[in-house]
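Input: one structure, supplied below.
Order of writing sets the chain letters: A, B and C. Residues in each chain are counted from 1.
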Amino acid sequence: MSLTDTADASTGLAFGDEPSTVQENSSMDVSTSDIPETAVGQPLVSDPKMTMRNVDVFYGEKQAIFKVNLDIARNEVIAMIGPSGCGKSTFLRCLNRMNDTIVDCRVGGQIELDENSIFDAKLDVVSLRARVGMVFQKPNPFPKSIYENVAYGPKIHGLASGRTELDEIVETSLQKAGLWDEVKDRLQEPGTGLSGGQQQRLCIARAIAVSPEVILMDEPCSALDPIATAKIEELIAELSENFTIAIVTHSMQQAARVSDRTAYFHLGYLVEVNDTETVFTNPSHRLTEAYITGRFG
Amino acid sequence: MDNMNLDQHISQRFNQDLEEIRSDLLEMGGIVENQVVDAIAALMDADSEKASKVLKTEDKVDIKEKSIDEECTQILARRQPAASDLRLVLAVSKTILDLERIGDEAAKIARYAIELSEEGESPRGYIEIRHIGNCVHKMLHDALDAFARFDVEQAIKVVKQDKSVDQDYATAIREMITYMFEDPHSITRMMNIIWALRALERIGDHGRNIAEQVIYLVKGKDVRHISYKEVKEKARS
Amino acid sequence: MSEVKSTIEKVNAGLGKRYRSEKMFQWFGIISICFGLLCVLALFFDIIGKGHSAFKHHSIEIPIMFDADKLGITDINDTKQIYSANYDGVIKASLRELFPNVSGRTEKRKLYKLVSNGSYLTLQKMLLEDPSLLNQTTEVQLITDDDIDTYLKHFVGKESEFERIHAEQVEWLATLREEGRLISHFNTVFFQAGDSREPEQAGIFAALMGSFYTLIVTLCLSFPIAVAAAVYLEEFAPKNKWTDLIEVNINNLAAVPSIIFGLLGLAIFISFFGVPRSTPLVGGFVLTLMTLPTIIISSRAAIKSVPPSIREAALGIGASRMQMVTHHVLPLSLPGMLTGTIIGMAQALGETAPLLMIGMIAFIVDIPGSVTDPATVLPVQIFLWSDSPERAFTEKTSAAIMVLLAFLIAMNAFAIYMRKRLEKRW
């Protein structure tokens, strides 16, 4: 597949029509001129939960994210897909400033949560992370009891005034995470003793225990088996009623299953944002089409 | 049917999606079935009003077909269904084609009904139409019923019925030709009746197609283009 | 015509060689381990063989008449008189009574030499505790002189090999043994007394206490400082040239010969800050300097081994850096830190050279009561005794080494136990 081919993206059938243009081109040998200045589709929405304007991310001298403009709507599930190294995880970690912990990482541009800049000196990074929770690639429960894992967030933020209130938060969080029935009899056992899928749901319970507004998920199912993955996906569908969720996934099928909108990243650029249905049936940009049909990546 | 279990996916939304295309299909089937019944009645009773109602319903069927098609595409793109789920989606997407065609045939019959009603009554040929019409209606009803209950035995019965409809059709055509010999003035009329018979026969074929889809859906076996005997053996093995 | 060999044939051809080299390597390892074990065993046998006898000592049971006239005590309530009384005379009189046949100055001196010349301390103590003993006769066990004890332990029947015993003494001891007056018992003096010029009166308790105080000072200083340094360097410090430099220097510091630290302590703590010399306080300061790099390095390794995912998890739900460290990183790395600390402490316990520089080699008879009392430590005590000419000190040296080794093993066992226990909690 020649990716420098400038055929109209809407005529997706043009791909592979001429065998002569087909090359073994699995690498990212794509000229940046092929990538649109601004993302095609609908990157912006009205009344967004989070807005990102001209976001650049640098690792030392190397630029990882280029001028990304994107809105995240309230109570939507937005999936970010793209070939590995496209910067989707990096971008996600900007949203609750987890990149701050990485030496040499600089973030430029503007990111707002409910119209307040997250880089504002008035907004403490600790409270930002309480509002924008995160679930990581590898299930990473604390080596403490299941109860302690969920109770930790509320404890450090002082969300519970007493033991009973804390118990309540733990129970509702575990219920929301669909884990309560499985662990209610062994809350004092270590969280690390659970299975991988249960651990990940425990991490989700831990994240929602501080009642965040946005939950970021960085490839939450990449370490799980298909059944555990299905359970997490179902959980995401349920959570989207109460939370805004941004999920990075290397499985485009997963993006198709769980998300309302899908954003496609390529080489640090945001190429296309559209309704998931549209992206997976009739993507607007040829790079998106090429990626989701498995022609490179 | 035990092996379908449409409501047992971990993802509730997937359950809903599958249930939706199934119930939408049955709803479309119901509309088409009514169309067929109305079209036959319009022909019998020379009721042009009923006939035009059938013609109007066609739009509804077309819209339904498009929306179910869209739903199937969504499921294929977003859920990547496998095994019985995949067969369900494929069967539904093929069945709506047949249903739409049946709707078209019903519309044809309705149009002949209007033409015939303008020419006045003639009892000749109507007995055959009534008989074959009843058979075909029953087939369609049974086929949809088999789909609703994922019932292979009923589907096999439908295939068998199609065989007898074909025989009845051949007999009726011969009879119509005899009439035409007897009374050349009635040839135009008879041609309309023959076309109506032909449409009914086509409906029967589509009914059989639906039944075959049910067998494919439940058993995963392709029973197209083979004789009734072979169908029976294959579906029950 | 060359045979074309299939892949599997080529592989099979090389298999024998592969297995042989594997076997050889295994054997090499086993031999190395055996050699190491043998060395340790030899060391243990040697030390235990030499030292075990130090835990026993011989005493002679003698009826003692606490004669007020001979003792020169006029008023029993006057402790000054009790302290300065002439106990030696009483003991000598009692010995003469036991062996009335002995005559002549040299003979008598040999007779008196049977018991330790520190025996008067025993009588003094008895009288202080119970003044009613005055003018009474009681059976008293007096510990034998070191030469007599050495003879009794090692040279009975081989008198010719040991020139420090006289034929008369051998006879007397035989008589005493027949009368049941010669008693062998557990050597409590060794564990209760401080150092002494007389081997039979010398003990390791003062050195033990010195070591104890020194280690307490070292632990209290080095653990918090090292953990704080390690946490700062790992979790908070920016990664730049300065921290690199510090890191390199910490590693270098771990390799500096310990005597240098002694010199440093002498120059800085004693000369500049005026910390009293020969005390556990200054010893603790010097050993702190010495163990710091060890503990910092092992603590940093322990902190590094905490998976980054735990840090991310804590930060991800809004913990501050400090909360992340205190709630998660420290508890998880504590077993490693403790192990490092105890190993550092064990190192400090066995350290001699820097302490020589700061005067902890003093001859300490009194048991130190605080960190500012002059003291010595176990390894220095061993060093001192190994230098002493008396034969009895040889076995005491070995016994002290055994005690030191026992403490080291106990500390290491404690380290392992703590680590197992703390790890189990997670």
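FYI, a residue touches a chain if its C-beta (ideal position, glycine included) is under 8 Å from a C-beta of that chain, and two chains touch if they have at least 3 such contacts.
All figures in this text were calculated on a predicted structure; none of them were measured in a lab.
Here the chain at the heart of the structure, going by C-alpha means, is A. Comparing the CA-atom centres of all chains against that of chain A, the greatest distance is found for C.
Separation between the centroids of chain A and chain C, computed from CA atoms only, is 61 Å. Taking each chain's centre as the mean of its C-alpha atoms, chain B lies 100 Å from chain C.
Our note on geometry: chain A versus chain B, Cα centroid distance of 47 Å, whole angstroms. Contacts with at least two other chains are made by no residue of chain C.
Residue ranges of chain B in contact with chain A, taken from their complex: 9-13, 73-74, 77-80. The residues of chain A lying in touch with chain C in their complex are 96, 98, 101, 103, 126-130, 133-136, 138, 140-144, 152-153, 156-157, 190, 192, 203, 206-207, 209-210.
Residues 238-239, 307, 309-320, 323, 327-328, 332, 426 of chain C touch chain A in their complex.
Every residue of chain A that touches chain B in the complex is listed here, in rising order: 227, 230-231, 233-234, 237, 253, 256-257, 276-277, 280-281.
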